[in-house]
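Remarks on the structure that follows.
Labels run A, B and C following the written order; every chain starts at residue 1.
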Amino acid sequence: MGKFILKKVLMMIPMLFIVSLLVFFAIRTTKADPVTYLIPADVVISEENMEALRARYGLDAPLYVQYFRWIGNLLRGDFGKSIVGGTSVAAIVARSLPATFELAFGALIISSVIGITLGVLSAIHQNGIIDYVGRFIAVLGTSMPQFFFGIIMIQIFAIKLGWLPVGGRTDPSVVTFWDRAKYLVLPTLTMSIAMISTLLKYSRNSMLEVLNRDYIKTARMKGISERRVYITHALRNALRPVMVIIIFRLPLLIGGSVVIESVFSWPGISTQIVGATTSGDYPVIMVTTLLIAATILVSSVLLDIITALLDPRVRLGKE
Amino acid sequence: MKKRFASFVALALVCAMTLAACGGGGNAGSSTAASTAAEEVSEAADTSAAETTEETEPAAENENVLYYIATDDASSERVNYPFNNRARFFCNLLWRSLLTTDADFATFKGDLASDYSVSDDGLTYTFTMADVKWSDGEPVTAEDVKFTFEMILQLTSINSNYANAAKQIVGANTFQPGGDLEGITVDGNTVTIQLDSLYADFEKIMSQIAIMPKHVLEGEDFTVFAQSSFFDMPVTNGMYKVEEVVPANYIIYTINEHYEGEKPQIEKIHISALSDPIVAAQGGQLDFWNTNNPAEIEAFRAMDNFTEFDINILYYRYFVVNCYDDDGNPNALMDPKVRQALVYAIDRQALVDAYYDGFGVVSNSGGVPNTPEYNSAQSDMAYDPDLAKSMLEEAGFDFSQTLRLRYYSGDQTTQNFMEAIGAMLNEIGIQTDVMKFENDATEELWTLRNYELAQKNLSAFTYSEWYGEYINENYAKVLGDIDPEFSQLITSYNTTVDAAERQQSFDDLQMMEQEMIYKLPLFTVNQKLFVNTDKIELPSGIEFGNPWYNYDMQFESWSVK
Amino acid sequence: MEENTILRVRKLNTSFKTEDGIIPIVKDVDFDVKRGSILAIVGESGCGKSVTMNSICRLLGKNAEIQAEAIDYMQQEADGSIRTVHMKDLTNTSKEMRALRGKEISMIFQDPMSSLNPVYKVGRQVMEALLQHNKMSKQEAMARVIEMFKQLGIPDPENRVNNYPFEFSGGMKQRVVIAIAMINNPQLLIADEPTTALDVTIQAQIMELMVRLKEEQQKTIILITHNMGLVAETADEVAVMYMGRVVETGSADQIFANPAHPYTSALMQSVPVLGAMEEGKELATIPGQTPNPKDVTDGCEFANRCDKCMECCKTGLVGNHEIEPGHFVRCHLYRKS
């Protein structure tokens, strides 16, 4: 098992390099020019001043030189400075990441627990009330766009009823986490709904499929209780495809959801990325994109590990 | 069967939730039809609510905080840089200028300067510094004034008004960073500014330029001052100082204890990072907001607790005309007759009626109708498609070419009227291609220049700003050489101090503009300001001015009920 | 009812609720199983053999409706007395039913490849059955499992209990399944086509094993199959099913010597026998196709394919006639007028 993990982890390094190359050259070959973004349209600035500004940001050197400078700095721990705001990218990431993380983490946990539970229960009690509730939620989550749902939530709970804030993450009166909790409710809920639907459907279908297998009959045949049949025998087999979905949502923890953060004015990484992309703020874009790519790679490895743990066939090299 | 039933129930519930939620005003950018429908729903809801209770909210205690949001031109990452404009009141409360003015920008009195005088020839301005302190306790000195002007000459990102004014100072052209600006002399607490040539709006500019602290900023690199860490927690000289900045979350202003004037009654200003003004207002996170976006205006009008105010500002919406094609050769628009014809081809009154009813007016030059400076002798260039067509044919316009119409404003109203304009031009046989700019506006307008007509906006502080555009380097790229008489008129307008002479130049300019149509005028639009008067008590008879500029808002008299 | 009957089924009817309505699959099935014998239930695929057995063991889903006049299991107590368990009154998952399943009545299924849970070790899976019905420590249980493996001929059992199902061949897997079924020493073993998915040599081994179980331990086996050869070799009693009905029952000798029902004789003839067929002779088949259970017919189910069909066969119920002691046929041909 240890060798297995090590192999996978080592494979990540060359992949990360390739990703960094892609990220760098893809973004730099677009037309976005941060220097022109900095200057408002009404302001006249002479060509020499523009060039001087470019030089200050190192934008005048040939691309491959810029790439090596960037990678070099990165490996030394210097993530560069935002062109638009002047703050260090590391600081930007450090303050936005926790915001994105806490939101996505809550949503992932809630959606996974509810989605899987409802899905499994729907499969067990087919055509029962739970099944209907589950199907209803599934339709809701898949057909309603997240931003629409979010806006409706804000209108109902924040504006009409006034129970929750309209957006943002915090205010000056906040001292502990629990003071801040009310800001988390609506964004987490909105983010969860869409995620719940997919998980629900997959869990349900997977569970149904497993329940039709012969080994479930064998299990029942032993005379064990239904509960044991479902939990010990069925669940562990049914969860494998579902794990894939959950693991591939892990990048949300780092990259965040653009839609959610925008609708709720949540100060996370996605907001930074959007702002940086519009203004051509390369240092921010490149580091954040690289970060997200790294998270996806890690998730992939994690998935391999967990699958191996769940399914001995994979672990022992077969199939 | 059962699945379909479940889906149907889901659909019905979705519709119900949508209707429930949509009551209370649509969002910015929604079409008028949708928001009217939403309004009707909300009105129905409100009336039913009103029947049961007298007031929606009892006279509860409001916290002594004014709520605002940072959006568009303001930032929630750090305090705003005051040298592009005063960013919708943000900077007014933090930094003051030598002079201050009223909402009309007509009368001036000292602010950081206790007294000032102008020489007879209008070239020398002398200011006596008042006894004012910075928020860190240090006194505001004449040195700070000189320092600020030297700084302005080095800033890359700066309002053209300030830059032009600063360039008039003696020695500005030869000034080097680290050197000494000859034209400004400091003597104790008196500062004297010597101008090279007359600058008509100098007093106005003096009421706008925010004075910066030399003792804090000496040695800063001003080419990138906008990104300076100074703005993470700046030293201020206004009524308020910055208490807390949580980037992307909120910024809190609190009362500057070193402020020497009448202390303001509102304890704190809370500026949050919420992106939608309507939602923010509905959620109690926004207490005043200015806009000229019809959808936003409608939404705010629907909120009972907000009172509407008119703000007269010079906000021009017009087309930049590109007289060169992509190869650098003059194109059809180089002929002034063609440009004139295009004005007649657009029914601008209809557009104003549709989108800016009551707060917009068709404009035909730099002058604004119904103002005293407006030259009523000029034509109103009313919509006349037949005239337009015949003018174009006479000028030999090639109807097979496609005119590229572009715009950069992201709101629905702009998109709508651009489409409408495209359609109007199609009516007389002109092919058009209407699209939003993909890249940054500055780049598209002045570097790439892949358009024939580009919709641009100008929030002008003075008429000079409007005319200044004609003769700046950017416009030279799209207009080529302009008529020397025209540029002469502009210069004399800028430099004449005598009011009557100035008006004459202005009149002549307006007439010439109609001949030349170097910019294709559409309309001027006023701002509406909405204040949450259920919460905020305003001084009686208050008048509001251009929110992007500094004027006396009588903020010390604002209070929370 | 004879003294040594272990299972008695009367008028068992099983229907499934589907979108197209209620479809009867098992119709009025009667049979007795003698203790210590092998009963073979034969018929084509889809004739309802498995559903019958699954109905008795209550392994069908919620969309199945099971009705019977009687499903009686004669449980032999420790002191030798017989207690009748009226299984028709039990529900699928009740404690009484579960006490029977795995302990008194066991079932093994057709496809050993999918009968074992792929994510658990085989030893653990067999232990589970044991520990469900007996209180003992894990070590004791494991010892018993290893013992069972030895008995069933699985080599190197001490290590093999820690293997996963995919590490076994088909034949070995089936032995594991049998281990699960036999570990609690049930009196009645139901084997649903236990060798269909295996190759011929393994088939022989498994059948031999079963016969040994009957002879050495007096187990009763119900063998569901469509392989007449197997029936001939191993069965004591035979029941022939067609379209959900038992059409003929009798001892194996009786059935083979004197196949009374047209369907039974057709079945006998359609089995290819090595070496006993003339060259060039065509394999006999039963004309027509197995009808869809949805299409409920009136009268005898076999009517449209029977070469001896008469007018009276097409309507009404067909009675059960005893043509020899213990040999029953459901066919109008044997009507005593």
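Just so it is clear, a residue touches a chain if its C-beta (ideal position, glycine included) is under 8 Å from a C-beta of that chain, and two chains touch if they have at least 3 such contacts.
Because the structure is predicted, anything quoted here is derived from the model rather than measured.
Q: Quick one: label the inter-chain contact graph as line, ring, star, complete or other.
A: Drawn as a graph, the chains make an open path, so a line.
Q: Name the most central chain, where centre means the mean of Cα atoms.
A: Taking the mean of all protein C-alpha atoms as reference, the closest chain is A.
Q: Round to the nearest whole Å and give the separation of the Cα centres of chain A and chain C.
A: Here the centre of chain C sits 53 Å away from the centre of chain A.
Q: CA centre of chain A versus CA centre of chain B: separation in Å?
A: Computed value for the inter-centroid distance: 38 Å.
Q: Centre to centre, by mean C-alpha position, how many angstrom separate chain B and chain C?
A: Roughly 88 Å, centre to centre.
Q: Mind pulling the chain B residues that touch 2 or more other chains?
A: none
Q: In chain C, which residues are in touch with two or more of the other chains?
A: none
Q: Which chain A residues qualify as touching chain C in the complex?
A: 126, 213-215, 217-226, 233, 236-237, 310-313, 316, 318-319
Q: What does chain B use to touch chain A in their complex?
A: 2-3, 6-7, 9-10, 13-14, 17-18, 20-24, 27, 75-78, 84, 156-160, 223-224, 226-229, 244, 246-250, 252, 270, 272-276, 279-280, 282-285, 408, 439-443, 445-447, 456, 458, 469, 472-474
Q: Would you mind writing out the residues of chain A in touch with chain B in their complex?
A: Contacts found on chain A: 31-33, 36-46, 49, 52-53, 56, 82-87, 95-96, 99, 127, 132, 135-136, 139-140, 143-144, 148, 151-152, 154-156, 158-160, 165-172, 262, 265, 267, 271-272, 279-280.
Q: Under the touch definition given earlier, write down the residues of chain C that touch chain A in their complex.
A: 57, 59, 62, 93, 98-103, 106-107, 109-111, 114-119, 128-129, 132-133, 164, 166, 177, 180-181
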